[in-house]
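Labels run A, B, C and D following the written order; every chain starts at residue 1.
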Amino acid sequence: MLVQVIPASMQASGAGIEFAPDGGVSVGPEFRALEAAWMEGVAAMARAGARVIIDEVFLGAAVSQQRWQRALGGLEVLWVAVRCDSAVAAGRELARGDRIGGMAVSQAEVVHRGVLYDLEVDTTHTESLACAEIIAARAG
Amino acid sequence: MLVQVIPASMQASGAGIEFAPDGGVSVGPEFRALEAAWMEGVAAMARAGARVIIDEVFLGAAVSQQRWQRALGGLEVLWVAVRCDSAVAAGRELARGDRIGGMAVSQAEVVHRGVLYDLEVDTTHTESLACAEIIAARAG
Amino acid sequence: MLVQVIPASMQASGAGIEFAPDGGVSVGPEFRALEAAWMEGVAAMARAGARVIIDEVFLGAAVSQQRWQRALGGLEVLWVAVRCDSAVAAGRELARGDRIGGMAVSQAEVVHRGVLYDLEVDTTHTESLACAEIIAARAG
Amino acid sequence: MLVQVIPASMQASGAGIEFAPDGGVSVGPEFRALEAAWMEGVAAMARAGARVIIDEVFLGAAVSQQRWQRALGGLEVLWVAVRCDSAVAAGRELARGDRIGGMAVSQAEVVHRGVLYDLEVDTTHTESLACAEIIAARAG
């Protein structure tokens, strides 16, 4: 994930990425520039023959998807929604113990608004492995 | 690092990557194909403007460097040797507690054979931060 | 957990603890001696007033419980079974990606044989947080 | 370490433990009560025959040592100072990337004030493994 490779300095400046105590996330111009380079690179790996899984939270919903669509132009992509009931997601966030409270609820619905999918799985009542098998069957 | 993103299945097959109990590492054709795609992607990120640090162990020494040189063609690269006396490296490997014993000794010299560098740092008697500052000063 | 504090040397000798490639676990006399000291210490923490959660896998089932019962003599204990259907447990083990395959199936039933509980929860179809709330309500 | 087992709720209340942005640490009455139970338990493990390494930062210096001395009464203890030049410690703190800046400098000297040791090691210019070997040789 991009958040794992961005420099620490970018997390400390308003131009990078900020995680608010209430679970909100905001990004600045430096983050956008790095994100664009990241997308170019991931797309280049796929064009070179690697089969890539992009596990992304679309904080900008449809706008986020459009950024990826442009970067992945010409590639065969399976768009998969991984949904979860927000109350269940909040419970899992709390049970994990290392997450910022409120992020799950604030993101559960928003990240899917206007996004177009080829396939949807829902982890609310379905095991992770079963969801993975559904996706793998379609990815061929 | 590439080893953090390769599929688990590739670690279990002779065609991927294997870590021997004595610290040896061997790779197969599937790993090479994935590595080539990885290099293309990292180079594409740099061409798109990201400043990238590649922290790599050249198991194939000069041959490994040539693979990266081809992938990074046209980009401005600062090649830095990060050396460490093999006895000290072995001690740090043991002190970390989560490494395969013997890997440090078997790699300490071999990975530098025939590799061409712009700059060399040695962590044997120099603190990591001081080494980082030397590199940062040259990277500009 | 005890397995997190035992010395590395004890994992490398037949007298300590061994994890077989098929998910089996076997322990030797040094492990038993250390385990007994561990139980004494955990019991002493509880007698000194700390409220302690012991998250234990009873590889010896009823015999394991008896060891703890002796160590915890005189203390108020709520024994809770945390069950999971073995096929679901095996799926979660695989999805986690860092477990030895087969451990979940081989342990799912065996660890509960002859063990006496005050309360049972089942994570097969119940969220972790909901299970935790059931336990917390009884622990008072 | 105790900080790894205290409940999350205790990190969020003034009665527990707080880590200030400047690297300062303050503890309240609930933390002290839990700490006392913890010390009782660790001492009980040693009395039951386990050989225990207590890796502790004496934020209260001599007062912290006295608490442990009372808990460990009657046991054979090797008190070891692990020192590090504060500038070097600050550099390692920064290089690790996951520490609160300022903690190393603010603690490097203070934690040793008035503490009585049987042995001293200094990691400023000595490798961790070499320090460990010096300690192991004395522990017998």
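Just so we're on the same page, contacts are C-beta pairs under 8 Å (C-beta built on N, C-alpha and C of every residue); 3 or more make two chains touch, one makes a residue touch a chain.
Note that the structure is a prediction, hence the values are computed from the model and not measured.
Trainee: Can you tell me which chain lies farthest from chain A, using the average of the Cα atoms as each chain's centre?
Mentor: Computed centres place D farthest from chain A.
Trainee: Could you please state the distance in Å, as a whole number, between where the Cα atoms of chain A are centred and where those of chain C are centred?
Mentor: It comes to 35 Å between the two C-alpha centres.
Trainee: Could you state the distance in Å from the CA-based centre of chain B to that of chain C?
Mentor: Distance between chain centres: 40 Å.
Trainee: Where in chain D do residues touch at least two different other chains?
Mentor: In chain D, no residue touches two or more other chains.
Trainee: Dump the list of chain pairs that touch, please.
Mentor: Every pair of chains meeting the touch criterion: A-B, A-C, B-D, C-D.
Trainee: Under the definition above, what is the set of chain B residues touching chain D in their complex?
Mentor: Result: residues 88, 91-92, 94-95, 125, 127-130, 132 of chain B touch chain D.
Trainee: Would you tell me which residues of chain A are touching chain B in their complex?
Mentor: Chain A residues touching chain B: 33-34, 36-38, 40-50.
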